[in-house]
Structures are given as C-alpha cells and as structure tokens.
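Single-structure report; data block below.
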Amino acid sequence: MIDWINVLIQAGVTALYLFLAIVIGLLFLGIGRKVTARIHNRVGPPVYQNFIDVGKLLAKKTNIRHNWIFDFAPLFGLAGVLLTLAYLPMGGYRLLSGEGDLILLLYVMVIPALGFALGAGASSNPNAGVGVMRALTLMLSYEMPFLLVLLSIMILYNTASLDVLLSKQMHFAWAIAMLPLSALAADMALQGMMMEKPFDIPLAPHEIASGPMVEFGGKYLGMLMLYSAGSVIVETTLFVDLFLGGGVVLDPATYGILAYVVNYLVWFLLIFVVWLIALFINAVFPRFRIEQAFKFYWKWPTIIAAIGLVQAYIMSAFLGVMP
Amino acid sequence: MDLFTLVSLILIIAMLIAAVVAAEIKDLLSAAIAMGIVSLIVSILFYILQAPDVAITEASIGAGLSLAIMIFAIKHTERWEK
Amino acid sequence: MKRILGGVIAVLIFIVLALAFVHIPFGNIDLAEYHYYNPVDNEHTQDSVPQHYLDEGKKETGSTNIVTAVVVDYRGFDTLGEVTVLFLASTGVGSIMYIFEKEKRRKVRRANAVVETASKLLFGFIILFGAYIFVHGHLTPGGGFPGGAVIASSFLLLYLAYPRFHAEHKNLNIAESLAGLTFVGVGILGLFLAGYFLYNFLPFGLPTYLFSAGVIPVIYVAVGVKVGSELTGIVDAMMGVRE
Amino acid sequence: MIAVHPVLLIAIPLFFAFLLPLIGLFSKKVLKYVVTGTIALNTIIALLVFREALNSPIFDILGGFKPPLGIVLMVGPLGGFIALIINMAGLIISIYGMEMKKEPLVKYYMLSLLLLMGANGMVLTGDLFNLFVFLEVTSIASYGLAAYNKDLKGFEGALKYVILGSIGSTFVLIGIALIYSQLRTLNMLDIATRLNEMDPYVKIVAFTSLFLGFGVEAEMFPLNTWVPETYDGAPHSVSAMFASMSAKAGIFALARVIFTIFAFTNYLWFVVIMGVLTVFFGEIIAYAQRDIKRMLAYSSIGQMGMILMGLGIGTTMAVEGAFFQMFSHAMAKALLFIAAGYMIYATQTEKMSEMKGIGRNPLIGIPLLIGILSILGMPPFIGFYGKFYILMGGFSEGYYAIIALFLAASLVEVAYYARFIKIAFEGGGKRYPSPKATVYIPLLLFAVIIVIFGVYPKPIFEILSHVTTFLTGGV
C-alpha cells in the first residue's frame, strides 16, 4: 500500500518536473526571440508567444500523412529529450538514477540526432536531407571537444556519476573555477549543440527552410517545438551541472525541503545566464558554412579542451587537488 | 657428432633449402615440387625419429597426393608467377 | 623495401620461436617430476600422460599399436574432428569447383600403352595395399589416414593413365556419407551403451589378432573408406573434366 | 551422471551433415527442412545443457578416459550461454537460409551445419588440442562458405581468409606444441593449475601464439584484413553466420585462453590496446564505406574490438559487459546482415546511396531500426548494457584515454548509421518488392529478442553473475 503511494508520488513529481522543464524551455525560447529582436532593433513578439503557438499547433488537425516513420520521428525525438531530462539533475533533484550518468548521457543525447535523421528521411524533401547531413557533421564536430571536456571533469572529480559530481562541486569548488579552459571549450561546444548561430547550419531558416523540420506541420510541428524547448533545457542544464555545480547551494540532507526550493531557483537563474550568453553570441554572429564549423571545432575548442584535459590530469594525478 | 645427428642435420638443411626455393621461385611447378621435397624429407625425419605411422601418412599425403592436386591446380591456371 | 621488411619480420619470428623451442626436450627425458591433475574428480596423481599411454595403453584399449590407441581411442574425438576437416575440405572444393561441371569435354592426349597397361595392373594391388594398411591399423604402423591416401593415389594413377576417366561422383558421396555415419554412429552407440561418446564397447579380444581392440578396427575402416573417397573426390574435382 | 550430454550438440549436426548427401539423392526439397529441424533440435539440447550448466559445470568425458588422458567437454554457465546464443542465432539464420537457390545446395547445407558444429565445439570443449581441431573445422567450413557465390569478390575474400586463417591456425598449433612439450598435458584446467611449472619465456611465447592465432577468428586489429572482403563476398546468410557464430566462438576461445588457461592479469593492458585499436580503425573505416555490407563488416570489427576491450579491462563489470556485448552483437548484426541481404536483393545494388526508402515497409523498417539502435547502444535495447558496462569497467580501472577513443569511435558509429537511417527511410524511392516470409520472420524474431532482453535484462545479468568464477580461473 505504502509502496503504491510512493510510486504515485514519484510519478507525480516526475511529471511535474518534466512539465516545468518544458514550460521553462518555451519561456526561454520566447525570451530568446524577444532579446534577439531587441538587439536587432526590432520590437519582437511577446514572451508568451510560443505558448500560444504550441497551443494552436497541438489543437490543429493534421492532414498531411506520409507513413509510419513520419508519425514516429517527432515522438522519437521528444521521448529522447524527456529521457535525457529525467537523467539530468535539475536543481539537485534527479528523477532517474544510474551510476555512470555522464557516459549514459552521451548515449541518450544522440537519440534526437537519430530522430532528426528519421524525420528528415520520412519527408522526402531535399531541404530536410541537406539539413540532416549537416546536423550529423555538426554533431561529429562538436562532440570531439565535448568528449574531452567530459573526460577532464571525470578525471578531476574522479567520478562518472552526476550526483557525486554535484556534491563534490558543492563541497569544494565549482568546476568552472578549477577548469576554466575546459569550460570555455564546453561553451563553444554548447553553441553548436543548441544549434544557435554561428552554428545554426542544420536549421538555417533562410537557406534550407528549417532543414529537417521543413515538412512538419500541425501537431507534429507542435511536438517538435516542445522538443526544442526541452532540448534547450537539457543543454543549458548540462553545462550548469558540469561547471556551475548544478545550482546546488544548500544540502538537502540538512535543510530539507527548503534546500530543494532554493536549489531549483538558483538552477533556474544559472541556466538563464547560460542561455543569455548563448543568445548574445547568436545575435551578433553570422552563420558559418558546415566545413568552416567542422574545421573550427576540430581546431580551437579541441586544442583548448585538450589543454584542459592535461591540466585536469596533472591536478588529479600529481597534485591530488580533489579527494 | 654421431651419424644420427649428421644425417638429421643434412636432411634439415636440405629441407630448409627446398622450403626457401618453394617460396622464392617464379616457376610454380618447380615450387610445387620443392614443397613435395619438403614433405618427403619431413617424412624421412619422422621415420628416423621412430614415428612410422606419421611417416607413412606424411609420405602418402604430403609428398604424393597434395603434390598431384597442386599440379592439377597449376594446370588449370598458369605456370609462371607474375 | 617490402621484401626487406618481410624478411626482417620473418627472421624475428624465427628467432623468437627458436628461443622457445630450445626449451623443448629432444628425445627421452626424466618423466618422474611430472604429475597430473584430473579436474573432473579434482585429484592429483604422480603420473605423466605419455608414460601412461606407453604403460597402460595396450591394456586399456586392446590395441597393439599405441599410436592407434591414442589416435582412435584416447583421443578419438580429435580424429572425428580431423575426419570432418577432410570432409569439409572435400565439400568445399566440390562446392567451389561446381562451376566446372558445365565445362565441355576438352581435347586430351592419351597416355601411352605402357602406362595404361601398368596402371590397370597396379590399380588393384594398390587398393589392396591401402585396405591392408587401414584394416591392420591397430596392429601395425599406419591406419585410416595413410590407407585412405593410398587408395586415393590408386585412383590418381587411373586419372593420369586415362585422361577421360572419372569416378562416379554419386558413389563417392555415398561412400563417404556411409563411412562418416558409421563413425558418428559408433560414437552415439557408445554414448547409449556406456554413457561415454565413442566408448570402446566391443570386447577387446586377444592382442595381435585381427579381430581385437573393440571398435578401433571398425572406426579405422570407416576412416579409411572416408579418406579414400574424399581425396578421390578432391582429385576428381580438380581434374575438372566432366560432362 | 549427466542428464543431457553436451556432446550431442556436436554429434547431431555432424550426423545430419553426413546424412545430407544421402537425403539429397532422393529429394533436394526436403534438405532445408532437415537442416532447420536439426538446428532446432540442437537449440533445444543447448537449452537443456545450459539449464544444467547453471547449477554446476558439466564435464562430459569422451571415450571413457578421464582427463588428461582423454578428451573432456567442459561446459560452465557462460559456455552454455554462448552455445545457446550460437544455436539460437543459427536456427533463426537457417530460416533465412531456406531461400538459398544457388547450387550445389547439398554442399551449402552441409557446410553451414558443420560451421555450427565447429562453433559449438570451440565453445564446449575443455581440451586445448580439441579446441584447435574445432577451430580448423570452423575456419575450413568458413572458407568454403565464403567462396560459395563463386564470383570474383567471393574468391578474393575467401583467399584472404584462407591465408590469414592458415597463419592463425599455425600459430595456435605452435602455442599448443609449446605447452604440451612443457607440461605433457592438453586439458585446459590441468594446464591452468600447473602453469607455473612452465619456463616463463616459453609461457609468454605460447600465450602470444595462442592469442594471435585466435585473434584472426576474433577479428582483432592487425589480423582482421580478411573481414570486409569475406563478409562482402559471401552470401548474405553466410555473413550473418560469420558475425553471429564463428566470430563469437573465436572470441570466447580467446577469453578462455586469457582467463581459464593463463589467468594473466599483468599483460591485459596489451589486450585493451589491441581492442581499442580494433574499435577505432573499424569504426573510422566504416564511416568511409559506400557499400552496405562492407560498412556492416567494418562495424562488426568495431564491435568485436569492444568485446576485446571489455575482456582486456578484466574487471567483473567489464567482462560482464563483454559477454553481454557478445549476445547483443550476435543478435543485432545477424539481423542487419539479413536485412542487408534483402535490401541488396530488392535494389539490385550494394550502394547505400541507391537504397532510398527501402525501410519504408514496416516489416523491414521496424526491425532494421531496432537492430541499428541496439548496435549503437541505445538504452531500451540489449546493445546498451554491453557498451555501458564495458565503459564503466574501463572508467573504474582508470583507462581514461582509451575511454575517450572508444567514445569518439562510438560517435563515428552513430554518424554513419544515422546517415544510413536517413537514406533508408527517405521518401521518393522506387517501389520495392515486399519481403518474403523467410526474410521477415527471422528479422522479427531477432528484433523481438533484442527488445525483450533490452527491456528486461535481469535473466542475462543473473547468468553473467557467474563471470566472477570465470575470471578466477573457473570453468
């Protein structure tokens, strides 16, 4: 009996967290549109515009049917994002647990790319095909420095578990202070991961009409919007968890429920800052070509991340900085 | 050095020469025959080492049949290695 | 450059292996220090496997030829595997050479009269000799493998003397199948009668007699027939003259 | 007394392989049913053997002579598990093999039965020389099958395989000769208990010889140049057999050489490096491929490298991962090869770029997607656990740089499979003939296995809890 109640509470909390994450994501997208518009000296849509859009799209009836893959692809992407969210601690609270979280995340974060590939294939639109090939190349390019960054963190803190990583960051120091170079490389990778300018090559609205999403409309587009809202949260949270202690400032063991609330708010603040930085970069840079992006990623961030790796190795193996 | 060692030594050296010839020569027919010679010497060595069972088998299969099969195979293709 | 590199690698491998083979005793050595461990019953004994074969082989298998005792009885399963390897080789050659079956009959030159007559005369004797080798496998040196090879070489003689000659493929297949079935059948029979695959379940009889050593002669006859027909099949496939 | 004799797993396919030519004389139509029936019988026996091996290791004495005088079959839980996998994969592939049209059919069925028998023998045997014999059986059957198409590609692949395979067998034989000359025994456990009596130099040379010899069959890095040509040139069902049967038997033999016989722990870094090189080169070259079967072959090399890495890391977790990876790779790669067979048949080309929209038929598309996701190691499928455990094992052992290479290679893997997914599910292609029952039934069976054990992997982990005894030199 007690078990059932626990399970129900767990499910409720999970749903609440995921729902909140999506809502925050939509809010961020709205803020993004507004901020970009202001930098471009436009008025821009209101912040709540995206909520209206999603509501309208999900209420629409879809007449375009291609085949089962077409129906399946947006769901696939959305499920991947939700799964990733469930593994990421948001404000120190995590829904699913596992031991090798960081390694697991690397797997799970690939799912959306596959969803993209599927969706693009399903709609036999040439723009979609181009977009997907670009997305795959982009993924190959930014994952290289990102892997090195992850590795440096794992070596320095000697753990692959996010829980341990967060508690170590809370008790000793944030990783951004320990590994500033890695943080820089990670931020560069983040820009590509979020597909913001100068790396919005796969989407490129003016060039290939949003790439993989070009054929989707109605409910499918609504789902894809939810998907992109979720992925904004995933990516910013990942950076915050890795380098900024995940927003955990109070230990839940001593402060109880208060700690959760405070941590959640701090986390929100931090991801907002990260998102704003990404937005500013987005607003002022022109778009790269894909081969430029590839060259860039395999040159500068990779070198910086490699130096960060060496630093982490020296700090952990020779200096023994982190217990 | 007794006779036994001397004979084995000579046979082994001959075997080595035949093996190198089999690997290096461009005429495939000669290479096959050189391999047959290796098998023959091995079977003699087996006999000297008091293993008649293995010697019989090696002589009939190694020196006899496989040589014949190899020659048939060469007959189907070309005699000279390019 | 490639050749030099290859030579250097070959010499290196030779040196490494030669240094290892130096440690292998040549000829008789003192076997007293060896003991063996039986993992099934988990017990240690002061004995050496080769010495056991020499001392107890005749008693345990009934075979006068210790090599045969080891090949067919102690390690009969390996022999079954080796027979299978030969079977596979013959099957593989047959499957690859299958393409030649459609090839037209080529113009061939006849051998001269001496060769033809002599091979006609010798053919029977060689087969007889081969059969002798494998029938007496448990008594004298030799056994199924050399016997079969000798039989195959008699067919080889016919192929050389009569270029148009070819053995009936169907009959060869039947012979090798039946021989193989006999071998496996004996094994399975042993499994059902005594609980051990390939168990020597027939009476040993008196040593040095033809009908002795239990299933060893049966297996060796099967192996001989099988090896003979398989090698003949390979030669036949390689000749490639068929309609 | 043993209830089920493991030797039946070898004797039954052998018996029917010898029987097939006789059956073929009367009717060629029944052959395929006989073969499938035989393998089904074998699978049932494998299941029984496995169930019994879970309780206690089975020793099946052959010929009535106790080891080390005679030969013994030695089946532990893991051996039983691998044998079950091999037979199960063989059964499902044989359903696909029913479609085989190319003559000589009798020889095809005989060779495939004997390949199964050889792989079974390699897994079950407890005798080092017997292992060599079965290695020979497996590899010679493979040579014949690789050239079965009788076209230039097939011959080229088979020839490469013959040359490398013979060199590998020779090395195995040298290793066995060295061990026998020093210890006068061939039983694996006997060797293992008395290994320290050996001269240390001879021991290392023997280990290296055996390692290199089995490395050929296990597709290890410098010795795997035969893989792409052979997989590419062989008939599709045969490629599936290679990936799921002989490669698995080879890597299990390698595992036994490493752990059961030698119990080396201080040389294992060497294995890890070989493994990671295998992964890296396999995946990178696979990315550059344009032909589907070659891509799958190189990807297969990469997967085998992952298994090797897991074995080399040598902690319980990593070896569990390696065994899990054996299972998942056997299932998923066989599925992909069968699917590739259908796709090549339907599009009449091997070029991936011309296979637009081939996966739009759900009967092909769904299993294809499941197979690819499992190979990539996505969570709800079985491929995930293997990769994940190997990585975690490596992390806990401190192989950081190697893990980075591994992850980078996995990303490349994702990239090329995603590229293929995109093409396969793209619209605008031609209309393709829909698959026959002999194609989609095996595909669906494999897919069901992948999903079931992916969602509910507990039974597999219970089996793999025996890894601890395996690592300490048990059966």
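Per-chain numbering from 1; labels A, B, C and D assigned in written order.
Operating definition for what follows: a contact is a pair of C-beta atoms (placed from the backbone, for glycine too) under 8 Å apart; a residue touches a chain by one contact, two chains touch by 3 or more.
Only a predicted model underlies this, so the values are computations on that prediction, with no experimental measurement involved.
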**Asked** Looking at every pair of chains, which two share the most C-beta contact pairs?
**Response** C-D
**Prompt:** Which chain has the mean of its C-alpha atoms lying nearest to the mean of all protein C-alpha atoms shown?
**Reply:** D
**Item:** Distance from the mean Cα position of subunit D to that of subunit C, given in whole angstrom
**Value:** 29
**Item:** Whole-Å gap between the CA centroids of subunit A and subunit C
**Value:** 67
**Prompt:** Measuring from the mean C-alpha position of subunit A to the mean C-alpha position of subunit D, what distance in angstrom results?
**Reply:** 38
**Full enumeration of touching chain pairs** = A-D, B-C, C-D
**Message:** Under the definition above, what is the set of subunit A residues touching subunit D in their complex?
**Reply:** 66-69, 83, 99-100, 103-104, 106-108, 110-111, 113-114, 117-118, 120-124, 129, 132-133, 136-137, 139-140, 143-144, 147-148, 151, 154-155, 160, 313
**Residues of subunit D defined as touching subunit A within the complex** = 357, 359-360, 362, 365, 369, 373, 376-379, 384, 387-388, 391-392, 395, 400, 403-404, 407-408, 410-412, 414-415, 418-419, 421-428
**Asked** Once bound in the complex, which stretches of subunit C touch subunit D?
**Response** 16-17, 19-21, 23-25, 31, 34, 36-41, 48-50, 52-53, 60, 73-78, 80-82, 84-85, 87-89, 91-92, 94-96, 98-99, 170, 173-174, 176-178, 180-181, 184-185, 187-188, 190-191, 194-200
**Fill in**
Listed in rising order, the residues of subunit D that touch subunit C in the complex are 1, 5, 7-8, 11, 14-15, 17-22, 25, 59-72, 74, 103-104, 107-108, 110-111, 114, 117-118, 121, 126, 129-130, 133-134, 136-137, 140-141, 143-144, 147-148, 150, 174, 177-178, 181-185, 187, 189-190, 193-194, 199, 201-202, 205-206
**Request:** Spell out the residues on subunit B that touch subunit C in their complex, using ranges where they run on.
**Result:** 51-57, 59-61, 64-65, 68-69, 72-73, 76
